[in-house]
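Next come two complexes built around subunit A: one with subunit B, the other with subunit C.
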Partner chain A sequence: MFIELENIHKHFGRVHANAGISLTVPEGRIMGLLGENGAGKTTLAKILSGYQTHDAGTIYLDGKQASFRSPAEAIRAGIGMLHQDPLDVPALSVLENFELGGLQSGLRKSRASAARLQELCKRFGFSLDADAAVSSLTIGERQQLEIVRLLDQGVQVLILDEPTTGISSPQKVLLFRTLHRLASEGISIIFVSHKLDEVEQLCSSVTVLRRGQVAGSLESPFSPADLVLLMFGKALDITERPDVPLGDSLVELRDGTIRTYRLTMDHLTLELRAGEVVGLAGLEGSGQQLLMRACAGIQPLAGGTLAIAGQDMTRKNYREFARLGVRFVPAARLEEGLISGMSIREHYALIDPNQGNVIAWGNAQTQAAEKISEYNIVGSPDSLVQALSGGNQQRLLLAMLPEKLALLILEHPTRGLDIGSSRWIWEHLLERRLQGTAILFTSTDLDELVKYSDRVIVFSGGMMSAPTPASQVTSESLGYMIGGNLR
Partner chain B sequence: MRARTRLTNLPLGAAPVVLTLVSSSLILLAAGANPFEAFANIIGGAFESWRKFADVLVALVPLMLCAAGMLITFAAALWNIGIEGQIIMGALFTTAAVRWFPLPSALILPITILAGMLGGALWGLLVGLMRTHGHVNEIFGGLGLNYIAIALTNYFIFGPWKSVDGATMSGTDPFPAAATMPLIAGTRASWPPLIIALLAIAGVYLVLNYTRWGLHLKAIGLNAQAAGRMGIRTTANILLAFAACGALAGLAGSFQTTAVYYRLIPSISSGYGYLSQLVVLLSLLRAEWVPLIVLFFSIISVGSPRLELRMQLDSSLGGILQGSIVLFFLLTRGLQQRLSQRRERKHG
Partner chain C sequence: MANSLLVETIASVIASAAPLVFAGVGETITEKVGITNLSLDGSILLSAMAGFAAAMLSGSLLVGVITAMLVGALVAGIVATGSIALRQDQVAVGFVLTVLCTALSSFLGKPYVRVPGPSMPHLPIPYLADIPVIGPIFFNHDLLVYLSYVVIFGTVFLFNRTQLGLRLRAVGERPEAAFARGINVNRYRYLFTCLGGALVGLGGATFSLSVKLGWSYQHTAGFGWIALAIVIFGGWNPLRVALGAYLFGALNSLASILQPAFPTVPTQVFQTAPFAFMILTLLIMNGDVLERLPRGSRWLRKLLQGQAPAGLGKRFQSD
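Entry: the complex of A and B
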């Protein structure tokens, strides 16, 4: 199917998210839709797939004018979308989800559906258990389920919004292979991303959005410099990672054991020096999260000892870790980090170190306003945190940290952020090393691990590799280790 | 855009009142009564004399105290259904203080107040402890404790504290005069409870809006996990919220014995705890609206018995009015939110 968009406009209040976008999507090819956070990519994708209506402009499918009032209408017209967060029904089984939306007669024909599910999975090399509960699947598996579900409903155009966020690298390889295959079978793919390397690897053409408008389109092969120029309107200089002299030993974990119902890890040893950055690599759930939570005082140790700055912290809680200058910045920003329903000002009132009984609202207001400008947060002290974009929520979380910290533990500090924001955040984090703050972080972006860490540790199935100097690893060697070859 | 929002909000704002009047009119018509006459009787009943209006103040005290308490627990997103039991324990502790401790007259009333608050606070704390340490949802814990409190009162009324004339449903023997609150001349209303109730709601308003504790409760209510990560003591604050609500409810129970019935009777809480939840829901958890709503509810409670006298209607119509206005209010609010969400989706 051949899609043409003409002069699409979409407003959200005062924000002009799509300001006259015109583009064409060729049949049977993979088109990249690239842009930094807030460039209007997701809005455009949602308009095209019926999740949102546009204010002005026209959509043509194979030359005929079309408009969708709901995702169901778009799917019937042959356009399906994979969301950043899978929109499946976690309580149902894989097969039940697969059947959703395809029930034309109102009666379930489970056996026939199961056969189609199996056939589609076989074709693409997915291994989905039809009876498993969706809630037990990884994000990558839920994505595979969505793909086969949409294909089963006969979509000719597949839109994927940031599909590589939160999936493992083998799953990513499989996804890319699947997309290539689908394109060769005549399905048009729109690949929405802010990651240059993925677009380079996968797409045969790319359209770059900037501030709601088309900044330009390129055909493969692309030069990264051209893409960056289109995305940001200027060339970004490569940030250097200045070395800082490492201080004394700060974290000493000896023969630690962590036991949860999913995973038992033992003989854990970790030593971290002041000013050191250690990156943790591994598939989601391989143990790196548990280790970080143990170092933050959130996950209790079942055995072994943990000392921070020379003090025994083995059986202490998060508040006592916090008193020593340990902070944990979670990946689930709105679940564990920020309080939905409260404004930025209220957050500053909550963390005000002057613990009087009466709130100094004036202070909170000043603090909030200062940090908003210092951290370039798009919002005001009155903004409710859930209304901020992901990048701004991350900036706020960092802005709320105390000036002086001993140990900063971050889960996926730049997940979902564009290159500009990621760089800004890392500049800020690396600066903290100058006062001796040690940093422990996880990332699924192997380049990020190699680039910003002093040492990297790889996790696989609860096992932990020896820390390796970042200068001795590459993203390829890391990928190999993540696959289970820890030595 | 703004003008349109205001236009659509206006009819919706009046909708609950209109819907309540219409639906209860239908009920009245079905019962063969003139709705206008009935509504006039309710209002007239509450304002027919100064003495009668003072009865409104009597009803207002427990409702205001309980609503003040419920605001605290609701702020932390806790459903303190156990408030009824906390009222009852306040009354029970007060009666115990009066009967068990021979106190000098001047000290009796202050001691009854403290005893009532202690009883309610302990019963509230129990609900809290079951939640924080026993993983029992506060709704179920509270309900269970309500029944235990009722059973305990009955045990004392029909057992150790039975009246010299033998045990009756009318309760224990009356309190000595020194253990009764002073009255406003010519009425059945006492002034100290009224003043304390007004101070309580003002205090809760200040606590929730201007103190660190109020902000901490709000943070816990919205996201306890994130609040904990910011260094807020969630468990201690939840327990404190239950104890504070319990203390205010216990105070209400105490005043029911020392200022209204002058004794302990079986159903001492009279459902004020449940009614106060409706008040707080109607206020949208805003303390500043509570006094007005409490006054309105009290007028209905005091005025509706006249339906029985003048129109041979059951006075429970008052309860129907109170219940349906809250339901219609929540319903229109829910619909309003849905509408505005849909509009947002459409127009962005």
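Entry: the complex of A and C
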């Protein structure tokens, strides 16, 4: 099936999210839809898959005019979408999710469905346990389930919105292989992304969106420079990481043990010096989060000792760590980092130590306004934090940190952000480093780890590699270690 | 002899728990689809009164039962409309309705207070009632009690074996995902909220026509609140909700049996003991104990674990 979009418009209030987009999706090919955050990619994807209606413009499927009032209608017409956060029902089992949404009524035909599920999984090399609860799956597995479910419903066009965010490297390899295979079987694929390298690797053509309009379309092979130019309208220069002389030893973890329901980690040793950046690599849940939380005083140690700036902090809590200038910035920005439902001004009223029992709203307003302009946050002191984009939420989290810090611990500092925002975040972090702040961070982006770390530590199943100077690793060698070959 | 007393006691627990089973399972269905009908205590009173009055005036038990079910469905329908169409808070609407229905039942029920009226005829099931022990416990009651068995197993079947039940659960867990799969979320919510409400009404009718015959002021004595608690206790699983209803009934009977044996203990202790026991059981079932079970007992954990539907109380609109 091939799709033509003609002059699609969509407004959200005063924002013109799609401003006259026209493009063609060829049959049996993988088309990239590239653009910065807020360029209108997701909106376009949602219009095409029936989640949103467009204000003006026409959609043609195989030359015939079509319009969908709901996702179900789009699926019936053969278009299915895989959302960034898989839109499934976590409380139900894999099989129940697979069955859900078919047109059958009456009794469930679980056996027949299970057979179809198994057959589809086998075809693509997925291993999904039909009886497992979806809540126990990784994001990558939930994606696989959504893919086979949509195929079972007979979709001919598959739209994937930022599918590689939050999945492991092997899962990414499998996903790309699956997409190639589907394309060769005649399924049209729209791959929505802001990651240049993935689009280069996977897509045979790409359309770049900028500010709700088509900035240009290219055929493979693409040159990264051309893509960047189309995405941002200007060439970005590569930031160089200034070399910083490392200071005194700041964090000393000796023979630490962490025990949780899922994972036990023994003989943990870590030394971190002031001004040093250490990146932690590994699949989700391999122990890197636990180590970071232990260094922040959030995860108690079951054994061993931890000293920060020469003080024994083994049994201290986060408040006491914070007093020494340790801060933890979690990956779940809205769930753990910010308070959903409160404005930026209210956040400043909360964190300002000089606020008394009666809040001086004027001060909070001034602080909020100052930080908003200093950190280039798109919003006002009145903006509710959940209404900010991911990049702006991350900027706000950094803006709320005290000026002077000893140790800054960040989970996935640039997850879900576009290249421009990521670069901005790292410029800011590296500046803090010049003042002697040590930085400990995790990322699933191997290039980010190699580029910004002084040393890299790889985690696998609760084991920790020796710290390796970043100059001695490449993203290939890291990928190999993450796969379990720590030495 | 002691044996037959025990059988008799268990049989009376089964019969007296029937209203709680209807109301608890009804509320489970409602909450599974994502709506909290907090008006239970009021609507069970109003439907008990309406069912009794209708049966008495019409001379037909069937009319009484159907009237009670309609009243229950109507009250639930108001909660659903308030939440879906009028976008009001479910808890607030439910709470106000509780008070309203309670007052209405006292006001409209005045002519029927302590008036003798119809009751469900005793109807042992031929052959089944003759099975030793099992027969007298389960099959020596009236039609409404038998209907409560049907409701329990029917609901389990609906939830687990039918497409309709699967969709119902999806709507309550994640309405956005249900919508994406072509399910009309709000239609499901209206339908199953009213169905749950009808069962609550049936519970009310069972009260006034089968368990505690007739009508009096505050006739059902807080049973609606117990039903709401039992839904949580049962982890939104109809089978466990029913077990919770029977457990509560058993604790109640136990209290009335033990009371004469310990004349020095104030009667209030026995009257309130079942509630304390319920809280204790709730703590055990939903607390750390589950985490400490051996690793192999996955099925046991699955049976005991209860999670509220994730979409409970969440309003849904497609954009």
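Criterion: the second predicted complex is superposed on the first by the 484 of 487 C-alpha atoms of A that agree within 3 Å, B and C clash if a C-alpha of one lies under 4 Å from a C-alpha of the other, contacts with A are read in each partner's own complex, and residues count from 1 in each chain.
Rule of thumb we're sticking to: a residue touches a chain if its C-beta (ideal position, glycine included) is under 8 Å from a C-beta of that chain, and two chains touch if they have at least 3 such contacts.
The shown structure was predicted, so the numbers you read here are calculated from the model rather than taken from an experiment.
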Partner chain in contact with A:279 - subunit B first, subunit C second, else both or neither: neither
Partner chain(s) touched by A:346 [first = subunit B, second = subunit C, both, neither]: first
First (subunit B), second (subunit C), both or neither touched by A:96: second
Which superposed partner A:75 touches (first subunit B, second subunit C, both, neither): second
First, second, both or neither for A:52, with subunit B first and subunit C second: both
Subunit B versus subunit C as contact partner of A:336, first or second or both or neither: first
Which of subunit B and subunit C A:391 touches, first, second, both or neither: neither
Doubly contacted subunit A residues - partners subunit C and subunit B: 52
Residue ranges of subunit A touching subunit B (in the complex, touch as defined): 10-13, 17, 52-53, 55, 318-319, 322, 328, 330, 335-342, 346, 349-351, 355-359
Parts of subunit A lying in touch with subunit C, wherever the complex brings them together: 51-52, 70-73, 75-76, 87-92, 96, 99-108, 261
Residues of subunit B defined as touching subunit A within the complex: 210-216, 218-219, 222-223, 225-233, 345-348
For the subunit C and subunit A complex, residues of the former touching the latter: 161-164, 166-167, 169-170, 173-174, 176-183, 291, 307, 309-310, 318-319
